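Below: one structure, written as structure tokens.
So that you can tell them apart, the chains are marked A, B, C and D in the order they are listed, and the count of residues begins at 1 in each.
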Amino acid sequence: MMLTRDGIAYRIARDLPEGGYVNLGVGIPILVANYLDPGKEIFIHSENGILGVGPKPARGQEDPDLISAGKGFCTLALGASLFDQTLSFAMMRGGHLSHAVLGAIEVAANGDFANWRVPGQAVPGVGGAMDLAVGAPNIFVAMSHLTNKGKPKIVNTCSAPLTARGCVKRIYTDLAIIDVGTDALVLREFMPGHDPSGIRAKTEAELTIAADCREIDVPETFNGVPLRQ
Amino acid sequence: MMLTRDGIAYRIARDLPEGGYVNLGVGIPILVANYLDPGKEIFIHSENGILGVGPKPARGQEDPDLISAGKGFCTLALGASLFDQTLSFAMMRGGHLSHAVLGAIEVAANGDFANWRVPGQAVPGVGGAMDLAVGAPNIFVAMSHLTNKGKPKIVNTCSAPLTARGCVKRIYTDLAIIDVGTDALVLREFMPGHDPSGIRAKTEAELTIAADCREIDVPETFNGVPLRQ
Amino acid sequence: MIDKTLADCKQAVAPVFDGATVMFGGFGNVGMPGQLMEALLLQGTRDLTVISNGAGSGDFALAALFRERRVRKLIASFPAPTSKHFRECYLKGEVELELVPQGTLVDRIRAGGSGLGGFYAPAGVGTELAAGKETRVINGREYLFELPLHADFVFLKAHRGDRFGNLCYRGTMRNFNMVMATAGKLVVAEVEEIVPAGSFSPESVHTPGIFVDHLVQVARHPGLADKPSEETAP
Amino acid sequence: MIDKTLADCKQAVAPVFDGATVMFGGFGNVGMPGQLMEALLLQGTRDLTVISNGAGSGDFALAALFRERRVRKLIASFPAPTSKHFRECYLKGEVELELVPQGTLVDRIRAGGSGLGGFYAPAGVGTELAAGKETRVINGREYLFELPLHADFVFLKAHRGDRFGNLCYRGTMRNFNMVMATAGKLVVAEVEEIVPAGSFSPESVHTPGIFVDHLVQVARHPGLADKPSEETAP
């Protein structure tokens, strides 16, 4: 059994605390917004100058001047503020966000990660990825455990161009939750139907098993969206 | 015949163009605001975050949150804006002001000047003086031609601690108007009753006489304030 | 009386010369000075160095400058996969790209506009974008030395302006516009409405008029009026 | 529910320890967190390193911290001639002064708050304030290398705030408050009014709540309420 992309997002949302200031990258991370506990006040940051991104507007209610970093229309949450790029990147690079959730191509055992340029990609674009990576104290990576060719994405050394060195704190995949410890990667949770040795076999980098390692607890569906498959 | 402090301020005001963005230092410079042509729109900048300082408020009309850099109450002119220190110093240091009018202890032949610390002053304070000096493209110095002991203040080399190197463009004194040229100081205007050689005698640094050198044209009084003495 | 208003975009772009360095505000389509870009396109100015967050999308404004091969070099953080005209120029080697992490790009512009000589940024350390850059360890952390950026011409988009050049933005329009306003020899804003002097409260001005040389009132570019682009950013 | 409100200034300053580095907003008396300063005075915390534009004036708030010998070092641009208590400490050698040009002070705080490692500033080149500083010529101009400033505690004053920590200022209150808000481990604002969540338009927030840990509603310090100080600045 594996988590769906929504399932990974759902599980990450459970770990974001009330009062958090969180940047969500494109891909799986942006789905996290759909699974936040409405009882917790969490501010979503958008690099183009929003703190407090709200849900997508209803059709016909779009404000042409209100987009989030993914370039889609958005609304504003209670308590939101708007600002320019200098203040936005002061937040990102100055350590003021509590979390950044980012997609990745690879994560290495030492917390290095690669997410901005697929090897061989013809036209590179970096955006705010490197600033977020060096600035946010809790970098959570959300990705599939294996490439679509079945190769491990948690590796000894990244082969794709690095985004930043040694900054990933936790990895959420469709199979496992892994902390980047100071000495080693630590398996915290794994999907039902798998076991730690099975996760190890799908992980190139060495994995330590946490003493309280347990199964990932995610429901089958949420609002009709499958979280497990 | 000499200009009064108000007379120097009056004469400087005549040289400030419509559309100018001007910072006025304490002392003679701040008096310039009283003599601006009301037919010219000129923005007065205050380093604590105002562009468009207006006149002093009427007694009883003071806003406790509205002061200018000299720490006195002020009002705001038409078109004024308020901002923080980062933007204020971006204006000053980034070359956006058109003019800064500053007092000085000494000005040297090469445009060096000293205005922030009287030699031997026990407790130093620099404020925004150095940022203004390196940033504004037109630094006008307003001062008496001689110290109160009768010594020249326009010297070969400053003996007081420097504010900045080579940045003064023009010097307005109670006796003369002198440009800081690339090669030499150039006497542009002098007070009636004096002549260029007399000004030279009161100036330590070498003075070239401008081809169109002429007398300073300032009325006796303005609104009852003596401009000449 | 100060009046920084110009009649139209054509007049606003007239001083731009071949080979000039030009900054454009905007993130995605929001805050992009689309009408000024179109006027520049019509004028035919070439060999531009463009400083901008992205490379435009669709077939108009910034994207059209690439389509018509007017840009010699782009300094940007995110030429999106949807920037098809840039992509074509780039792959043919017809445009040079200087890729800069977005926060570093912002601060290079800020340094240019605020008179700083350069700074040490953490973004990009240990990556391929550090190639050829001086590094320095400060308080135990490694940084890259970054130089200021300044432009001959800066083109902005704001919501409202007055004859003094004071500007106000709405929504996410501020993005690069506010910092770019500080970093040009000649700064021109396109605004949707020029309001009478005194309409803005001094506390609500976003870009003080000192930074703005000219402004022109113009309807929003039709490509930017009703929907944002389809770009995605990391 | 997020609620960053504290009951009083006493609670707000309780975490400040002897030997801490503390920033105070304000230029002259405007935007000076006078009530927080008084609470810190009452608490008796000592050996402080204070980062502030000036050294206070009169006999209250910041000036009183010098009077009571609570400050070990001041990093400032303008200890005014009217700062009599600072003056006395300084002349007796009881306080160290690091004098920094005001714009450089602002940018050192900004660098600390925005994650930059340092920068090159033009102010002070060739002067006695360049003593001991690394110089560098960039694009033909000489600059001084300047390091970031960061504080254990930052105390701000704003006009209004909400429970999220969003702040709005009025008049010239923004001064150092906005940039200092970004540069502390713990940031506390005194405000004249705490308004209900949603009262601020998102476009009018000056300091977004992300930078503010706590805020306390308190009447304006009487020394700051009716008249500004008599200080003069260059």
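Couple of notes before you dig in:
The rule we apply is simple: a residue touches a chain if its C-beta (ideal position, glycine included) is under 8 Å from a C-beta of that chain, and two chains touch if they have at least 3 such contacts.
Just so we're clear, the structure is a prediction, and the values are computed from it rather than from any experiment.
The greatest centre-to-centre distance from subunit A, using averaged C-alpha positions, is reached by B. Here the CA centre of subunit B is 30 Å from the CA centre of subunit D.
Centroids built from CA atoms put subunit D at 36 Å from subunit A.
Centroids built from CA atoms put subunit B at 57 Å from subunit A.
Subunit C and subunit D have Cα centroids separated by 33 Å.
Looking at subunit B, one finds that residues 50, 82-83, 86, 89, 93, 134-135 touch two or more other chains. Residues of subunit C in contact with at least two other chains: 107, 110, 114-116, 121-122, 170, 203. Chain pairs that touch one another, listed by label: A-C, A-D, B-C, B-D, C-D. Of all residues in subunit C, those touching subunit D in their complex are 107, 111, 114-122, 136, 138-139, 141, 143, 147, 169-170, 203-204.
Residues 25-26, 46-50, 62-67, 69-73, 82-86, 89, 92-93, 102-103, 112, 115-117, 122-131, 133-135, 161-165 of subunit B are the ones that touch subunit D when the two sit in their complex. Residues of subunit B that touch subunit C in their complex: 18-19, 21, 41, 43, 45, 50-52, 76, 78-83, 86-87, 89-91, 93-97, 134-135.
The touching residues of subunit D, when paired with subunit B in their complex, are 27-31, 54, 76-81, 83, 86-87, 90-91, 97, 99-104, 106-107, 110, 121-129, 159, 170-179, 206, 220, 224-234.
By the touch rule above, subunit C contacts subunit B in their complex via residues 1-2, 110, 113-116, 162-164, 166, 182-183, 197-198, 200, 202-203, 205, 208-211.
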